[in-house]
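My questions will all concern the structure given below.
Chains here go by letter, A, B, C, D and E, matching the order in which they are written, and residues are numbered from 1 within each.
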Amino acid sequence: AAARDQVQVAGSSTVLPYASIVAEAFGENFDFPTPVVESGGSSAGLKKFCQGVGEEQSDIANSSRKIRDAEIEACAANGVTDIIEVRIGYDGIVFASQLDGPAYTSFTQADIFNALAPKVVVNGELVDNPYTKWNEFNPDLPDAEILAFIPGTKHGTREVFEEKVIAVGCEATGALEAMIAGGMSEDDAEDACLAVRADGRSVDIDGDYTETLASIDANANAIGVFGLAFYENNTDKLKVATMAGVEPSTETISSGEYPVSRPLYFYVKKAHIGVIPGLKEYTEFFISDEIAGPDGPLAEYGLVSDPELAATQAMVANEETMQ
Amino acid sequence: MKDNMEGRKLVDQMDVKFQTRDVQVYYGDTHAIKDVNVDILDKTVTAFIGPSGCGKSTFLRSLNRMNDTIPIARVEGKILLDGEDIYDPKVDPVQLRAKVGMVFQKPNPFPKSIYDNIAYGPRIHGLARNKAELDDIVEHSLRRGALWDEVKDRLQEPGTGLSGGQQQRLCIARAVATEPEVLLMDEPCSALDPIATAQVEELIDELKQNFSVVIVTHSMQQAARVSQKTAFFHLGNLVEYGDTDQIFTNPVDPRTESYITGRIG
Amino acid sequence: MKDNMEGRKLVDQMDVKFQTRDVQVYYGDTHAIKDVNVDILDKTVTAFIGPSGCGKSTFLRSLNRMNDTIPIARVEGKILLDGEDIYDPKVDPVQLRAKVGMVFQKPNPFPKSIYDNIAYGPRIHGLARNKAELDDIVEHSLRRGALWDEVKDRLQEPGTGLSGGQQQRLCIARAVATEPEVLLMDEPCSALDPIATAQVEELIDELKQNFSVVIVTHSMQQAARVSQKTAFFHLGNLVEYGDTDQIFTNPVDPRTESYITGRIG
Amino acid sequence: MSPLWLLILILVLAIAGFAIGRTRAMASVDDHRKLHSRPNYYGTNVAMLAFAPAALLLAVWVVAQPIVINASVSHLIPETSYEDAGALNLIMSDVKRVAEGLDVAVAQGALSAEEARSIRTEFTDVRARLGEVGVALGANVDRDVLRAAQAYRARAATGTWFMTAAVLIVALAGFFFAIREARGDFRARNRVENGILTLLITAASIAILTTLGIVLSLLFNTIEFFRLYPALDFFTRLEWAPSFSGRGGASALGILPLLWGTFYISIVALLVATPIGLFAAIYLSEYASKRVRAFAKPLLEVLAGIPTIVYGLFALLTVGPLLVSVFGNGGLLGVDWMGGGRAVMTAGITMGVMLIPFVSSLSDDIINAVPQAMRDGSYGLGATQSETVRQVVLPAALPGIVGAVLLAASRAIGETMIVVLGAGAAARMSLNPFEAMTTVTAKIVSQLTGDSDFASPEALVAFALGITLFVVTLGLNVLALYIVRKYREQYE
Amino acid sequence: MTDATHGTAEPAEPRRRKASLYASDAHTRRRNAAEKRFRAYGIAAIAIGLFFLLVLLVTIVRNGTPAFTQTFVTIEVALPADKLDKSGNRDIEEMKKVSTFGYAPLVDDALAEALAQAGIETPFANAKDLRQIVSASVAAQVRDAVLADPALVGTSHEFRLLAASRVDGYMKGRVTRESVARDKNISAEHLDIVDQMIAAGLVERRFNPGFVFGADASESRPESAGIGVSMLGSFFMMLVVLALALPIGVAASIYLEEFATQNRFTDLIEVNISNLAAVPSIVFGILGLAVFIQFAHLPSSAPIVGGLVLTLMTLPTIIISTRASLKAVPPSIREAALGVGASKMQTVFHHVLPLAMPGILTGTIIGLAQALGETAPLLLIGMVGFIASNAPASFADGFLAPNSAMPAQIYEWAKRADPAYYERAWGGIIILLVFLMVMNIIAIILRRRFERRW
């Protein structure tokens, strides 16, 4: 078999747009061939990545979450030990509704929890969620039927949604306390907090944001969960909701004002650096200021650039691996 | 409508079943039947004889519009059944075929049980009110087809597993079961032994009491035995038609004579 | 190997073509042929007669192993062709069938042109060196099958578009074209008019100069005319086998007599 | 000689053999009619014997040689440098990579053949040299590895040499053997046909191999899954709710709601596709003019070629809202059965449309193949065309039609996109066909392409789902086979 | 109809005797009504099928046709030597050091210059703000042109540049002034400029060959994405599928239907095959990844692997349909051939197979259609994602070099955020369907030739 001459990347479909922008620019500006960026999910990408070291193995795994310990172990078992972790920036997670739909302007995490949790606190008591309209628990919200399209359990976004929205809301509304008071252990209660109602007002979307968008299109009152980049490309159809009064944007997210976001990563196999042509160059190019900086094409597309980019650049330059 | 009136006018004898006027049948460009005019009488057995390939089957099939199923076949002229033009657009070929039954030259049992083969016609025509009646019809028909004794123990076995002659009798029984007014039989005894042949001939005799039977046969003896009228076809033409006795003893056309005495084929 | 030796021992007369010993044929549980022992001679026409459904076709088909194609059929006993057991695993049924040709009871032309129907056998057996030779074979075979005059202008038309009798002759011509040593004919004249029948009988006569012919027929007259040996089957048993003259004039078994005189069927 | 060239060589030999065998057979008799088989069979026999065994040997050799050499070379690695078989394995893959790297380097001229044989880690940075030619190495090359790699190359070269010799010998042996056989009385046809039969059997066993492959590629991960997640829960739990937050066993991964959704949606799809497809087939083959048929049939087949994503969007944007406007709250019927556009019905109907050609086209061919004599027999009894079709033609065509419907059912079970977009992602066990449900297949895809930890039960469950679905459909197929056998009717 | 004109209601009489042929009795009328109903069902079935087809096709065509045209901006771009080739000796290696980031300002300036020449006022102080009018790919386009012909340096050259997707969307009516209000990628001022540029003939919408023949592009520049390369990927995969699935499928069917004696082993194969048809396609992807890539070490993302996986996936379809049509050939045909001394093999290949051909071809058509439109298994063998390879360099490369496939490309596009990709996805579907039709036409013609009744 002839030697492979292009960088092979696999993994998260959330990172894919950014990776493809970089790969394209890389192919245009370097003598190396354009890297191949496969999609298929963080899980599949990391699995491929951890399959082993060698020419037939992939060089980079894109991931919309941090690699897990179990995965690092699995990697090590296959001889993949030296891994460089590169954080490329943050992905903002926003709520948006139809352009002509009601305006959701004063959301808090508690509102979302009240709307979507199976059990909520009403008058200090934990009851089955009785709400059918938003203004039933928050008069500032529109008089509209509750219908939310949230990421399905396959998506990493769901985890962020659960932890940064639902869990926070659970605590804020006092539901967590009520559960513990009702005799649940703390762990169980935290678990129970994360559930969503199953009566059809909360709809899981296993597909992509385009599917959520199509669903929103068909339901005037509905709100959906999107990535910031996706929203910014579809302002002609979507109206974004504010969270705790803050409108999501690359600025508010990078400053931390807007609370719901998650870091995006890619992982590089150190053993391949220096042998796969262009690997190091691609890695450095990805996080260069020109690309990943606040004025680069990635930010333009919707990536919240990492304030600590310089540290990451230094780490890559030194090929520092995870311990 | 006009055709219809004309048709009715033509009926002068009450015992004429089929009248055909200038019938032509084409297969694509082949002219298989030419100018055939024949009156087939009721309560009579008519035999069609003639060398192989002369058009007997073709003509027979045009009497109950079975030629409709051959895309390239085309029938011209007029065929009247009881004075009504069977090619009239108003005529439902289904009803026609219920009246004019047919036994084909090649036995073609359905891939069903023997019982279902026979019961098929009565069922679709609603001839039986209940299962018992249907059983009766099946038994009666198989008996008439001289097959009952051979198959009475295996009525549920497939009809396709019968011997050639048995299949032929099955098809006869199947045709008889629907009680048609006219029965067209294309060489019904070709695969039968003399005894079975005799039984079928008996059946034909019995049928003619009430109905009209047309039979294609290659056996002069059989034609002479069972028919009252005989039509001799040659190369698509109806050469001679008349009383069987007369045809066999004193044919008018030299071709008929040659055929009967075994000189042309 | 042992079978084979034994087989050779059994050959005492040099002109025996087929020897069958205790042949049984079953269709599933049906015992269709029981204990048939018969010696079929070379350069002789043997007629199989018997009532419909008695097993003539079944036995005939077991002579060239056509029964192999019916999954439920099972043949037991020994059938020797020129002293060799044709059911021996070493025997290639294909070669056997090339030697022992067959005309089936129901005409079954290929859905191909008339020419290709005839030419198929010669082609696969490599009987013609070139197109001209093949043309010759086709013409010759069609002539022997008494069909040439009727189809010579339409050789490229499909064989399935022929009349019943024509199809039968086509199948005869097709079988003859491969020049088999033994020809098994299952009611070859059932759909033929007397003249065509006479021509086929002539062909049979001609064939017997060199080959062996076995013919199933329901016509006593035909059996008497063409055959030298006659076998009479009844309910799966070979009731009587002997010289045709003797069978027809002086049958030994009462059943044979009843059948020939038309009393049992 | 490289395997490819060797293959070409024996192919040439086979072609020559064909011509020679043919000629020889013809020359061996005075009249070619005396040949047992047609001359081409003799030629083919020679070609076959010259080619097939040699090619087979070549294939086996190409696969086996690395394994054998691997085993012999691994003895060169001192036992002190690894702890277990796994570690040795790793080292050996390094050896192979170095050996291949040296090959590449030689091929690219970065190293001379002599250098490749003799370089030493003490004097050369092998990793760097190989990196120059683009060969990925995991670590610096140590002395033993390089020595082993060099041995590996040497043995591989010897092996290739032997292979060339052996393959050529076998090819020539077959060639001459068959040439000698090419005589008039030889049963060439039987030999060739046996060869073809072998090919046919091989083709048929590919199905078995595929099955085996599927089972094996799912099995290990399935076992791993059941190590992490109790099998009893998986098979009996009525809830499907994978969780994300690393809460361990808190995920509910019961297959039953998924299986229920699979069958519900498939049945709706079949209820749509079978009657429409069957009636379309009947109309096309029995009633339609040649013209209409020639035009409508391929058009319907386009339905099978439209990418499923289009159907998915069609379900989501058109069928779903339409159904809601009929069955939903404030709909035409004034009932409130349907909450949202995503429902079993939505996906089922859309999938049914996609499956129409599976039923219609295949059935049409089968119905068309029923002999005309069957129809004639029925018409002759005064049956109408529809009676003929229903009672004679369809029963005769039944086995084929069942095959077509089964194929459609299979497709329905295996479909993802329409389910995800039409029926939703939520697993539910309900009888209401207007509720959202999901299928096993959809979940296999989503768990495989999701973001969860690949070593977690949430990701591994995809494999268990796959194998379970496999077993379930196997059972259904056995049942179908049994039923078809029972009702099979054969004409003529 | 007949019954209507002669509709004298006679009592239902089970045995019709001497009734006129012109008048049908009640029973016949009932049967004829059933007949008409039956026929109507047939017509209705076809009508339903064709109706859905029509709806789908109209949707596809309506959504997809805009993808075939694209908005272009035609301007002169000055290529100053001091920026592009500082050393001045036209050394390619040297010139390559200037990246697209270096070229981008040239295009900005050229735009400003062109506007000035056309007398269009811009509200922007900075030429860089004009960049949003043209595609992000233009810098690369100019750079490629310069590197291909270094003599251009120091001159001015006219380029036809792709307009940005927002501008294109404005031309196509997708982007409106209201929607632009909240869009950070373009502003109303840009649209004003574009309006004037149209008037000045600098901007035009024309057929876009790049869409049909080009390669994929990244998320940020939908205007330069094309389906051509993935079409080649599909083409090479279909070659593999056709070359393997058809012969193997037919061979397996022949064995099972004509030669195999019925025993446990053949039952096993039979059940296996129908079961394989029910295996979700993604599982074939798992198999392909394990067997072809990890075990056999074939390259990942390669059409050959995709072809092999799709072959395995298509086989059951072809086998099932082939077997059904072999079964439908009447036994008398086989007997006829065996009777003249044909071997079983000859019987099958000379008579049975040609008669079964229509069904085989139908299976092939449907199987290939399925294979051509399948995405899920490709996901696992690395053919879905951003694989912006160029057209394969050689025939062998077509099988081995990383490539995507049409359905994967469409699937990817459909997921992307920019609505311009949505239109391209539908456009891709049109091309996929055309590809499918072209592929099937031969089979359909062949099938018609083989069709006959006996």
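In this section, a contact is a pair of C-beta atoms (placed from the backbone, for glycine too) under 8 Å apart; a residue touches a chain by one contact, two chains touch by 3 or more.
This one's a predicted model, so the numbers in the text were calculated from it and none came from an experiment.
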For subunit C, the least number of touch steps when starting out from subunit A: 2
Chain closest to the middle, measuring from C-alpha centroids that were averaged per chain: D
Pair joined by the larger number of C-beta contacts - A-D, B-E: A-D
Distance-maximising chain from subunit B - centres being C-alpha averages: A
Whole-Å gap between the CA centroids of subunit A and subunit E: 31
Subunit D-subunit E separation of Cα centroids, rounded to whole Å: 21
Whole-Å gap separating subunit B and subunit D, where each centre is the average of the chain's CA atoms: 56
Separation of subunit C from subunit D, taking each centre as the mean of its C-alpha atoms, in whole Å: 49
Where subunit C touches two or more other chains, by residue: 94-95, 106, 124-125
Subunit A residues counted as touching two or more neighbouring chains: 1, 4, 13, 40, 44
Subunit D residues counted as touching two or more neighbouring chains: 189-190, 313, 372, 384, 387, 448-449, 490-492
Chains grouped in pairs wherever the two touch, ordered by label: A-D, A-E, B-C, B-D, B-E, C-D, C-E, D-E
Subunit D contact footprint on subunit B (complex, rising order): 64, 66, 69, 93-99, 101-104, 106, 108-112, 120-121, 124-125, 158, 160, 171, 174-175, 178, 180
Subunit C partner contacts - residues on subunit D that touch it in the complex: 32-33, 35-39, 187, 189-190
Interfacial residue positions of subunit A with respect to subunit D in the complex: 1-5, 12-14, 40-44, 46-47, 50, 52-55, 63-65, 68, 70-71, 73-74, 79, 147, 152-156, 158-159, 162-163, 191, 194, 198, 200, 203-207, 211, 214-215, 217-219, 271-272, 274-277
Interface residues, subunit E side, partner subunit D - complex: 31-32, 34-35, 37-39, 41-46, 48-50, 52-53, 55-57, 59-60, 247-249, 251-252, 254-256, 259-260, 267-284, 286-287, 289-291, 312, 315-317, 319-321, 323-325, 327-332, 343-345, 355-356, 358-359, 362-363, 365-366, 369-370, 372-373, 375-376, 379-380, 407, 410-411, 414, 425, 429, 432-433, 436-437, 440, 444, 448, 451, 453-454
In the complex, subunit B residues that touch subunit C: 27, 49-53, 55, 57-58, 105-107, 146, 150, 161-166, 169, 186-187, 190-199, 218, 220, 259, 262-265
